[in-house]
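Note that chain A is present in both complexes that follow, paired respectively with chain B and with chain C.
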Partner chain A sequence: MIEEIRNEFKNATDLFTNVLDNGFWAVEIAYFPSLCDEKIKDGVLVPLSYRFDPDEFRRMLNSNPKYEHADDPKEWANLILKGYVLLKIEGKHFSFKSDRTPVTQIDAPTVESTLQGPQTAFTEDLNINMFLLRLRYNVPSLTVEPFDKGTLSRTSLFVVYDHRLVNAKILKALYKQLDKVKLDLLQSSGQMVKQLTEKNHRVFPTILQTERPDRVADMLSKGKIAVMLNGSRFVLLLPVRLYDFMHAMDDEYEAFWMVRLLILVRYIAVALTITLPALYIAIVSYNPEIFRVQIAFTIDGSRAGVPYPSFIEVFIMLFMIEALIEASIRLPRIVGSTATTVGGLILGQAAQQAGLVSSIMIIVTSVVAISNFVIPNTTFSQSVRLMKYLFIIIAMIYGISGVAVLFFALIVYLCGLRSFGEPYLALFTNETKELPK
Partner chain B sequence: MSRYFYYHVIYVGLINVMLFVPWTLVQHRFDGAVSAMAIAVVLGTFVAYATTSLYLRFPQKSLPDILNSLLPRWLALTINLLASTLWILAGILVIYSYSATIQQFFNPDMNPYLFLLLMTAAGVWGASRCTRSVQFAQEIMLLISAPLIIMILFKAVFNPWLDWDAIRVTAGYIRTPPSFVSLCAATFVFAGYNTLAVFNRLLPQGTQIRYRWIIPLFCTFFLLVSFFVPIGFHGTVGVAQYLYIWSVTADSMIMEYGFVYRVLYIFLLLYTALSLMFAMNTWHTAMEFLKACRPKYKPDPDEYPTPKINWLINIGFAALTFAYAIWTNEQRNQLVNQFWLIARTFSDITSVVLLSFLVWKTTRRRRSQIPSDAAAPES
Partner chain C sequence: MRRAKLLLIGLAMLLILPTSGCGFKDIDKRFFVVAMGIDQGSTPSNYRVTLRLAIPTSQMESGETKTELESMEAPSIAEAVRHLKSLVDKELDFGHCRVILFGKSLIEEGVENPINWLSRRRDIQQVAFLGLAEPNAFQVLKLQPQSERYPGNALFLSFGSEGTESSYILTEYLFDWVRRQTETGKDGFLPIIRKDIDRNSYRVDRVAFTDKKKLRLCLTPAETQLFNISARRYDKSVIAIPFKGARIVLALSQVETHVSISHEDIPTVTLHLHASGFLEESPPNFLNGDIPKIENQLQTEFNGELQDLLYKIRNSEVDPYGFGLHYLAKYFGGSKEWKKWKEAYPEITFRVDSRIVIDKAGLVQ
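Right, the complex of A and B next:
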């Protein structure tokens, strides 16, 4: 056995192979010490060496669930890479499960924090994640199906759903997409999202990524499917609708009318962040007569010192704010605050005093940026961030009527999207009703 | 699900402004418009009730499906082609007159074809979606514009500058014999039921369209407002001077508290949404009629992704719009509008007759089948 394995892993110097001879048996052993943990000591080495008893050892081979027959030589390489120990005892081959799981602390959510909701987030370990999910959604009908994806990384993933609630059609569509997955390295849930979405779905996300176990449990109870990835903090949920991206978990825990108000605020914020820069261009350069005279004069007066057309002003400011957002994500925390202060000062005061941009534009920029952060989901918020440039371009050509027409086109686009065959944006369609009971 | 049906009724009731219905009525205000409106309320309600009941007899089937399955092929093909022409023309007329309105009131310096390009592009984009998506988009757009609709209607009706005497004077002409064109124009306000021709596919089996009194109630209201409010603002004689009557009427109102002073802009924004919805629906319906002409056609209201043929057909419609815009001018546009309104009235009445005939035919066939089916197990 050792020779065959050595042949397969020619240059893997970190592979450990040996023949352990305790005087009675000569046992061949092969494993990667870096992938295995201390369980190997109690499970293999101690019973084989100074506590050795052939009968007891045979009993253990048959009864310990960690031992399994591994008679197929083709499987050996795969097993070893997954953290199994391969043994050849009395001419028979066994695998012993001893994969190392880093002791992960369950920590608080970093991307989707809530005020009073549960303060746990998923970790990068699949088993702990499964534990966290079972803690909140623990019924016998919860189905877990394991898969392996990525030709090099062999990342294991679980497809989790409640088989009483799930829509079989969607499950089938998911398996079809999973078969198509072609990846060498599967390292993050984002890659999986890209692989699972169709080509014409690339602007708005049609799969939700979340780090909150309570959200996953909530979605499972609505008949949705979760895909959990080993080594990723984020779990994929599908099929989803646009509202799910605008939904914070706090909405489930706070008072009813307060939540309605907050949701309304969020939608208004999205509308503002998409259209405000475009409306600024349209009002300043095309149709100042729309506003009443006083406001039109105020806007024009604030632009008195600005030497170029409004769209250049908008592009300058939006570039600044986008750069600032990018910088504050990438920079380490300590330097980050400096960058934001400097950027904020430049954006806020100096640019306006220098006559490079109008003060109204500064307000527009900050409203756009703040409104964008109101969206609870990062992926969706980035799509929205992209959308506003389309509106700016149309406003440069057509003015305010162009903005209205493009808004219509956007609604049509969103209504035309499907997330695994389910409508993405539709009002008042009760989804639980459509599910087979 | 029947709420989708009423969305159609409501936006078709409102879009009459863009098809020169108020203009046509106002031209005949002293010789038969008022009596024609009174008849139209009865006739329109009757046709609406009849058509919806007839379509409900064919659950989940569109008009082309019904025709294809029950009529000889050549006849079905002819009717489908004729119907699609009528639907295409509706979208073209609305897009053209909306672009002309925008050209006059919003961007007078802009090349008219540039704006037409934007409108047709949006129309093509909307109409090429699948039927279900069109329906969803429709609902959202209508609900977004609902506050604007309500606001403008209320502002108009309760405006202190509205001269009720002028309205009373005009209403007094009810005893004049009705004029034919006015009748056709006025019945258009009720024509929302026509969209069932394709959207009936999405009404699930066993749907009942309840609260059908909404149709006469709302549509009569829209009809009265779109005819009488301009008269109230501009006077019985002055009203005839304007072509885009409602844009001018909207411009007669102001909003005292708000960013926007002139109601005209709110009105134009609202009609951007309504015109695009109308173009989306009519072109989509026309597209479905054309697609049904193919011999191996299978109806699918939820096809995804969008097939290429949808794009091709709709780009064809857009090209037709440009051809129409090049050919037409104000007078020709009026003529085509009147022609379309008349043709539409005829086609509606024909479709009621045709559908009743088909219902009669299927029930007779079913009756003749039952004895043979009952006999079958015994043999």
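Right, the complex of A and C next:
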């Protein structure tokens, strides 16, 4: 056995192979020490060495669930890579499961924090994630189907759903998409989203990524399907509607009317962040009569020193704000606040005083930036961030009527969008499906 | 295949580029017209167009606004405006032209052509306020009141209850006036705008009535208020009568009117009016005064004044109340009924039936 494994892993110097001879048996053993943990001592080494009893050892081989027959030589390489120990005892091949699981702390959510909701987030370990989910949604009908994806990484993933509630058609569509997945390295849930999304549906996300176990539990109870990935903090949820992206988990936990107000604020913020820069161009350069007289004169006065047309002004400010956002993600946390101060306060003020942009444009830019971060979901927030540029270009050419038509076209597009066959912009879905008796 | 598709999309994009909208012109390259005046020119066939243009500043303070006045005479308004463009450095923008004034001499002649131009131009707002300028629009627009915070706002605020709410000021919009010009049985009215004696503010306290063609009648300020109460149901006004050597002033808080017209050879128009309010001024120690008696006196006085006003309006052959329209609407009038009404109008009788209620004495004991 050692010969064959050595042949397969020619340059893997960290592979440990040996023949353990305790005087009675000569046992061949092969494993990666970096992938295996201390269990190997209690499970293999101690019973084989000074506590050795052939009968007891045979009993253990048969009864311990960690021992399994591994008679197929083709599987060996795969098993070793997954953290199994391969043994050849008395001419038979066994695998012993001893994969190392790093001790993972469950920490608080970082991108979907709530004020008073549960403060746990998924980890990068699939088993702990499953535990976190079972903690919140533990019913016998919870179905977990394991898959392996990625030709090199062979990342394991779970498709989780409640089989009483799930829509079989959607499940079938998901399996069909999963079959099509062609990846070498599957390292994050975002890659999986790209693979599962149809090519022409890539402007707005049709799969929700979340790091909150309570959201997954909530969605499972509504008959949705979760895809959990090993090595990723984020769980995919499908099918979803636009409203799910605008839904913060706080909405479930806070007072009724307050939540309604916040949801309204969120939608207004989205409308503003998409259209405000475009409206600025359209109104300032095409239809100033839409303003009240006062504000028209104020803008007129503050724009008097600006040398460039309104759209260049918008592009200058938006480039600055996008660069600032991008920088604050990449920068280490300690330097982060410096970047915000320099960018936000000093540059904004200076740009206006230098006559590069008007003071109203500073307000527009800040409203756009702040409104964008009101959206609870990062993926959706980025789609919205992208949409505003389309609006700006149209506003440059067609003015206010162009913005209105494009907004209509956007709604039409969203209406046509499907998330695994389910309408994306559906206002109402039947939330309570009847349970079979 | 894919490249062909991309090429096709690119071509389609190129095709929509030349179809772009109504001219990209930044706000700082536009000259906003805040008020427009139309007068009769030096010869009867000429018009004199006066534009008040705003010069914006980023800091706005009272009395420091800058405006520019440009005036041009031409045989038509369109020509005058085209010519005016050559006098200024930025594109004229009528989008914020909220006030349009007609000179008195022009109204006396008729304003068919100016109205025609105003209704055709898409950039003239139909909610612009109309007014009759005395002695002429140029003189009125020349005035720069001290209180203006941004160019032209003293005139905007006078109308439409946006700023001051006075019972002497009537607001007439362009769209309404154009409708009244074409509506059978209803005539237009225009507030008269003059310079105040101190030359520091506008004075809008009278109203002028026009028939379908030209000016027919101007009311006094007191009559203007009466017209505002009875025709526009304006409730921020007062009714005053002398009483035991002092004045009793009733501030109205609610006015309702209702018109009924009889179907006789010479129709009788009855104007029912229900008004209520509180006493703003009365003789001292009046708290337990004889309220029904005062109400009666108010009613008789008011009835008499309003009846006189109605007859005065009737005698000058205008119908700003729209009694004719009311009559036609009530009796399914065709052209025959209209002819009959027109013949009977100089003869018709008016009755005013008012009910005035004093809600509160306005004082606490």
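What we mean here is this: the second predicted complex is superposed on the first by the 428 of 437 C-alpha atoms of A that agree within 3 Å, B and C clash if a C-alpha of one lies under 4 Å from a C-alpha of the other, contacts with A are read in each partner's own complex, and residues count from 1 in each chain.
Rule of thumb we're sticking to: contacts are C-beta pairs under 8 Å (C-beta built on N, C-alpha and C of every residue); 3 or more make two chains touch, one makes a residue touch a chain.
Quick caveat, the model's predicted, so the values are computed rather than measured.
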Touching A:E198, do we find chain B (first), chain C (second), both, or neither? first
Figure out whether A:A255 sits in contact with chain B (first) or chain C (second), or with both, or with neither. neither
Would you sort A:P309 into first (chain B), second (chain C), both or neither based on which partner it touches? second
Which of the two partners, first being chain B and second being chain C, lies in contact with A:L427: first, second, both, or neither? first
Contacts of A:I334 with chain B and chain C, given as first, second, both or neither: neither
For A:N287, decide between first (touching chain B), second (touching chain C), both and neither. both
Between chain B and chain C, whom does A:F408 touch in the aligned arrangement: first, second, both, or neither? first
Which superposed partner A:T298 touches (first chain B, second chain C, both, neither): second
Dominant toucher of chain A (residue count), chain B or chain C: B
Please indicate which partner A:R418 is in contact with in the superposed arrangement: first for chain B, second for chain C, both, or neither. first
So the chain A residues that chain B and chain C both touch are 286-287, 289, 293, 397-399, 401-402
Show which residues of chain C lie in contact with chain A when the two form their complex. 16-17, 20-28, 30, 32, 34, 54, 56-60, 93, 95-96, 98, 123, 125, 150-153, 156
Along chain B, where are the residues that touch chain A in the complex? 102, 106-107, 110, 114-115, 118-119, 122, 125-126, 129-130, 132-134, 136-137, 139-141, 143-144, 258-262, 265, 268-269, 272-273, 276-277, 280, 304-306
Can you tell me which positions in chain A touch chain C when the two form their complex? 284-289, 293-294, 296-304, 306, 309-310, 359, 396-399, 401-402
Interface with chain B, chain A side, in the complex: residues 198, 200, 286-287, 289-293, 295, 394, 397-402, 404-406, 408-409, 411-413, 415-416, 418, 421, 423, 425-428
